[in-house]
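Below, chain A partners chain B and then partners chain C, in two separate complexes.
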Partner chain A sequence: MTTKVFTRQEWDRALKAVRESYKIFVPVKEGDFHNFRTMEEDTVPDFDFQNSRLSPKSIVYPQSERMFECLSDREDPEAGILKEAEKEYTPQAIVGIRPCDAHAFHIIKPNFDNPEYRDPWWIRRFESTVLVGLGCNEPCSTCFCTSVGGGPFHEEYLDVILYDMGDKFLAKGLTQKGEEFINKMTGGNPPEDAVLKEAEDLAASAAGKITSLVPTERLREKAVNDLFDAPFWEDVAFACINCGTCTYLCPTCWCFDIQDETWENHVDRIRNWDSCMFPLFTLEASGHNPRENKSQRVRQRFMHKLKYYVDKYEKGVQCTGCGRCVCYCPVNIDIRQVARLMDEYNAQ
Partner chain B sequence: MQEYTEKIREVAKRLLQAGEVDVFIGYKKGSVPMMNEPILISDPQKADLLYWDSNCGLNLCTYLTKRTDRIGIIANGCNSRSIVNHIVENQINREQLYIVGIPCTGMIDYRAVNRAVDLREILDIEEATGRFTVKGKDFEETFEKKDYLQTNCSVCIHRNPVIYDEMVADKVEEQRDIEIFEDVRNIENMGSDQKWEFFTNMISSCIRCYACRNVCPLCYCPTCFVDESQPQWVGKSIDPTDTMTFHILRAYHCAGRCTDCGACERACPVGIPVRQFTKKLNKDTLEIFSWEAGLTMEQRPVLDVYRPDDYNDFIT
Partner chain C sequence: MKNPYLPYPVRIDEVVTETEDKNLKTFKLVFMDPEAEKDFSYIPGQFAELSVAGKGEISIGIASSPTEKGFLKFTVNKVGLVTTHLHNMVEGEIMGIRGPLGNTYPWEDMEGKNVVIIGGGFAFTTLRSSIIYMLHPDNRPKFKDIIVVYGARSPGMLLYKEELAEWEQRDDLQMHITVDATDDPDWKYNVGFVPAITEQKITNAENAIAIVCGPPVMIRFTQPVLEKLGFPPERIILSLEMRMKCGIGICGRCNIGDKYVCKDGPVFSLAQLKNLPPEY
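Our next item is the complex of A and B:
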């Protein structure tokens, strides 16, 4: 696999040029925070960031996505015949994605791509995406990736990993896709041994900077009903206002709702992100709501991430430890504390 | 702030022990700096979890809606006004409440503090009278609190609770001669295209999470209009027209009821200054009807009543 060193200038130049082959997404500073945006001619990427406010999941799985469309005028012979909406699958690269957010795609995958169901849009877009990860030199105090199967320089779910070494980037190809991407990046030089050593030290020291340790090892062995009936849910849920901040910012929340929208003679069938925190999420046409109370909804979110997913897929928790929900929950409900409550819980 | 915390704990313990209230609602210290978590306590032994500092910027009245038990609750100026509004709108009975009044000196604008340290991660905050110190990995900086107040707090003229059963401390002096609506006036002076552009840009990052709506004590409708499907008033995608419809209607539903507590702005995960909508309505109700929400239980909210001599110059 190829490893190259780029000066920052070389990197910026190569990134601009590689837009001929890929649609490039980069972190861009927008006011007080960063988000991933398409790199245009005048876009200024900013790789000096901790993480983007919104996770880059929307690049593969947009918040609102047109699935089908049709005409509604009954006179029209084509009326009511749903046709797949036009989609774009140009090769794209998310440059600067954090290893935790790349891990998220791996966690989401079994929902969209499994022996029973294959979501063609998610799969095709994911397959056309290169994940060019940026290791975290300075993880936040709210990050807990090392507790959930990741790490600040975790390579497993990336195609390329970048080491930010101040005035230069070291880029290491990890997969065939990544290799192709690096080869299309013009410039750069093979690294000297000293640079490789420096990169190794950087990664080792970053892992030691993770201060949030969250126990999740015993979740698998707990009985579902014990956790479901645990006495702490009312307390955990009290502060919750049932907004969608945690689920919308989360890189691993995948739920959606399908809506038809009409405009003049045109009908769009759209899927929109949905949130298990909203009472509407489970409201049935009869008027019955199986999760009528907020504590039921809050319990659902944590049980799904930390128990149902664990049991169903046997690949750990449905959480990458990115810490977004910890930082931005407006009422400070902290998944680290809830995971601890669940992991330590023993039914009487 | 430490004195407030101790007093709150003492009162909560006393009320719960004496059985004067069934539950007590306050804050506990948050797990991340500049964030505290609303908490409900029924066991007097747990009263020591209660906490108060200048990062208690939500509105606890939100947690009162339709409760049927007897509740002790802490309330500063804006929260107490929302409670008055809740009582007038029959969402809670005065008799159910034991209000522990907090003379407030304003909440810290955590976004402004983050900006002041160049968005470096803040690991700890310590507050002393009138100032606070934030610490990060390689820095420590002290700021005057008055320079970092939430924008709603810097123009607040009702810092003391308007309704209470006991106070945790003596009342604080109210701010006077404040230019409350300067930002609104700036928008009023724009042309209509410019206004449209201003508001369109302002909400362009909205993700429709509804944190602004849900954190607000005024938004207690069993089904919000955005959630209705028959008829469906507004689309559910992130189409800008639908998002604007949500924001404008949300604001209008708050007309004459908003106490400018700032919880909506504080809660927004993408930092939209949503008060720019509600503040205009607050200004209008003040200028046209001499009305500020939640100051009295003797009067119906301004848009609840009709009087023949009401302002009606808009009818042509």
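Our next item is the complex of A and C:
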């Protein structure tokens, strides 16, 4: 696999050049925070960030997406027959994605791509995406990736890993897809041993900066109904205002709604991100709602991430430790504390 | 890659108003593409997403039996946006269908057994499918006694009245029709709630499997009756409902614990449900 080191100037030039082959997404400073945006001619990427406010999941799985469309004129023989909406699947790359957010795609994958059903849109977009990760020199105080199978320089789910070394970037190819990406980047040189050593030290020191440790090892062995009936859910949910921020920011939340929209003689079937925090999510036409109270909905969110997913796929929790829900919950509900409560709980 | 969200176009071939309140209609649908009909190979207990472009989709149990060729039947209660629109649609109009979805009744386990079918209200649809399927000459020898208890609020609220009358006459099926109450002096069947009639008519759980489909209150009171008769939870089979969108276990809303009602269900044994959170 290829490893190249770029000076800052070379890096900027290489990024611009690679736009010929890929649609590039980069972190951009927007007010007090960063988000991933398409790199246009005049876009100024800013790699000096901890993590983006929104996870880049929408690049593979848009918040709103047209599924099908048709016309509704009664005279039209094709009226009412939904056809697939046209979509583009040009090769794209998320440059600067954090290892935790790349891990999220791996966690989501079996939901959209399993032996019974394959979601063609998610799969095609994921397949056309190169994950060019950026290791975290300075993880946030809320990060706990090392507790859930990741790390600030975890390579497993990336195609390329970047090391931000101040005046230079080191890029290491990790997969065939990543190799092709690096080869399309102009400039750069093979790194000297001292540079590689410096990169190694950077990664080791970053791992030591993760201070949040969250226990999850015993979740698998608990009886699901013991956790479901545990006495702490009312307390956990007490302050929740069901705003749904946690689910929208979460890189591993995948739930969606399907809605039809009509405009003049045009019909669109659209899917939109949805959230288990909202009562409408499960409200039935009869008026019955299996999760009508907020504590039931809060319990659903944590049970899904930390128990149902664990039992269903046997590959750990549905959480990457990115800490967004911890940072931005308006009432300070903390998944790290809930995971601890669940992991340590023993039914009487 | 086959798109599992894309409905097959179908034409409404016939609409029958089933009940006196006119809130239940049966739609007979015919595939516009014969290839689609071949793809749509189903087994009783499964459901489908009915699609009306511009309105949305609804999950409805398949009321026809795979032994009935050339069409599908769905009985739809008028209750929300899509169902209300559907009730205004007429023969000849085009709509869509996606499926078949979900699991089936446990047909392999039912072979060689007495089959007790207990239904209430408009949840009788996939039970109709099952009865037609079992009565087919190719299938009838596979099952021992078939006993059906079916109840509705009043005689006018029973579904499939002609078929019920015909089944009453047969000697290879024991049919117990009941209504909660009636002032019809000519009513010749039972009067009483489904759990009570079940207690009267079902005498033996030996080598029997019970399939129960109905409103939650009926299920709640029928369950102890069956347990008292000696049905173990493995042989009490329920079909659940839940708000659904995708119908294929992806959109995330119809879970009970780590199971999705749309993909892992809708059919569960009571034994399975006892190991899942009671959230449905």
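Following the convention adopted for this analysis, the second predicted complex is superposed on the first by the 348 of 348 C-alpha atoms of A that agree within 3 Å, B and C clash if a C-alpha of one lies under 4 Å from a C-alpha of the other, contacts with A are read in each partner's own complex, and residues count from 1 in each chain.
In this section, a residue touches a chain if its C-beta (ideal position, glycine included) is under 8 Å from a C-beta of that chain, and two chains touch if they have at least 3 such contacts.
Quick caveat: nothing in here was measured; it's all calculated off a predicted structure.
**Student:** After the overlay on chain A, what do you see for chain B versus chain C, clash or fit?
**Tutor:** They fit: once the shared chain is superposed, the two partners occupy separate space.
**Student:** With the two structures laid over each other on chain A, which partner does A:Ser286 touch: chain B (first), chain C (second), both, or neither?
**Tutor:** After superposing on A, A:Ser286 lies in contact with chain C but is clear of chain B.
**Student:** Looking at A:Cys276, would you say it contacts chain B, chain C, both, or neither? Reply first, second, both or neither.
**Tutor:** In the superposition, A:Cys276 touches chain C alone.
**Student:** In the superposed model, does chain B or chain C contact more residues of chain A?
**Tutor:** Comparing chain B with chain C, the partner touching more chain A residues is C.
**Student:** Regarding the shared-chain residue A:Ile241, is it in contact with chain B (first), chain C (second), both, or neither?
**Tutor:** So A:Ile241 only meets chain B here.
**Student:** With the two structures laid over each other on chain A, which partner does A:Glu30 touch: chain B (first), chain C (second), both, or neither?
**Tutor:** The answer is first: A:Glu30 touches chain B but not chain C.
**Student:** Could you look at A:Gln259 and tell me whether it touches chain B, chain C, both or neither (first, second, both, neither)?
**Tutor:** both
**Student:** To make sure I follow: the centres are taken over C-alpha atoms, the vertex is chain A, the ends are chain B and chain C. What is that angle to the nearest 10 degrees?
**Tutor:** One gets 90 degrees for this angle.
**Student:** Is A:Phe153 in contact with chain B, with chain C, with both, or with neither (first, second, both, neither)?
**Tutor:** In the superposition, A:Phe153 touches no partner, neither chain B nor chain C.
**Student:** So in the superposed three-chain picture, is A:Tyr328 touching just chain B, just chain C, both, or none of them (first/second/both/neither)?
**Tutor:** After superposition on chain A, A:Tyr328 lies in contact with chain B alone.
**Student:** Tell me which partner A:Ser72 touches in the superposition: chain B (first), chain C (second), both or neither.
**Tutor:** Second partner only, chain C.
**Student:** Could you tell me how near the closest CA atoms of chain B and chain C get once both structures are overlaid on the shared chain, in Å?
**Tutor:** Least C-alpha distance: 6 Å.
**Student:** Enumerate the residues of chain A that count as touching chain B in its complex and touching chain C in the other.
**Tutor:** Shared contact residues on chain A (touching chain B in one complex, chain C in the other): 257, 259.
**Student:** Mind listing the chain C positions that touch chain A in their complex?
**Tutor:** 1-7, 9, 51-57, 79-80, 83, 93-96, 216, 241-243, 245-246, 248-255, 257-258, 263, 275-277, 279-280
**Student:** In their complex, what parts of chain A are in touch with chain C?
**Tutor:** Counting only chain A, the residues touching chain C are 67-68, 70, 72, 79-82, 84, 111-112, 114, 116-120, 123-124, 224-225, 228, 254-260, 262, 267, 269, 271, 274, 276, 281-286, 288, 290-291, 296, 300, 303-304, 307-309, 311-312.
**Student:** Applying the document's contact rule, which stretches of chain B touch chain A when the two form their complex?
**Tutor:** Chain B residues touching chain A: 30-32, 35-40, 58, 62-63, 111, 114-115, 119, 121, 123, 137, 205, 207-211, 213-215, 227, 235-239, 266-271.
**Student:** Quick one: in the complex, what on chain A touches chain B?
**Tutor:** 30-33, 50, 53-54, 63-64, 138, 140-142, 235, 238-239, 241-245, 248-249, 257, 259, 261, 270, 272, 275, 278-280, 326-328, 330-334, 336-337
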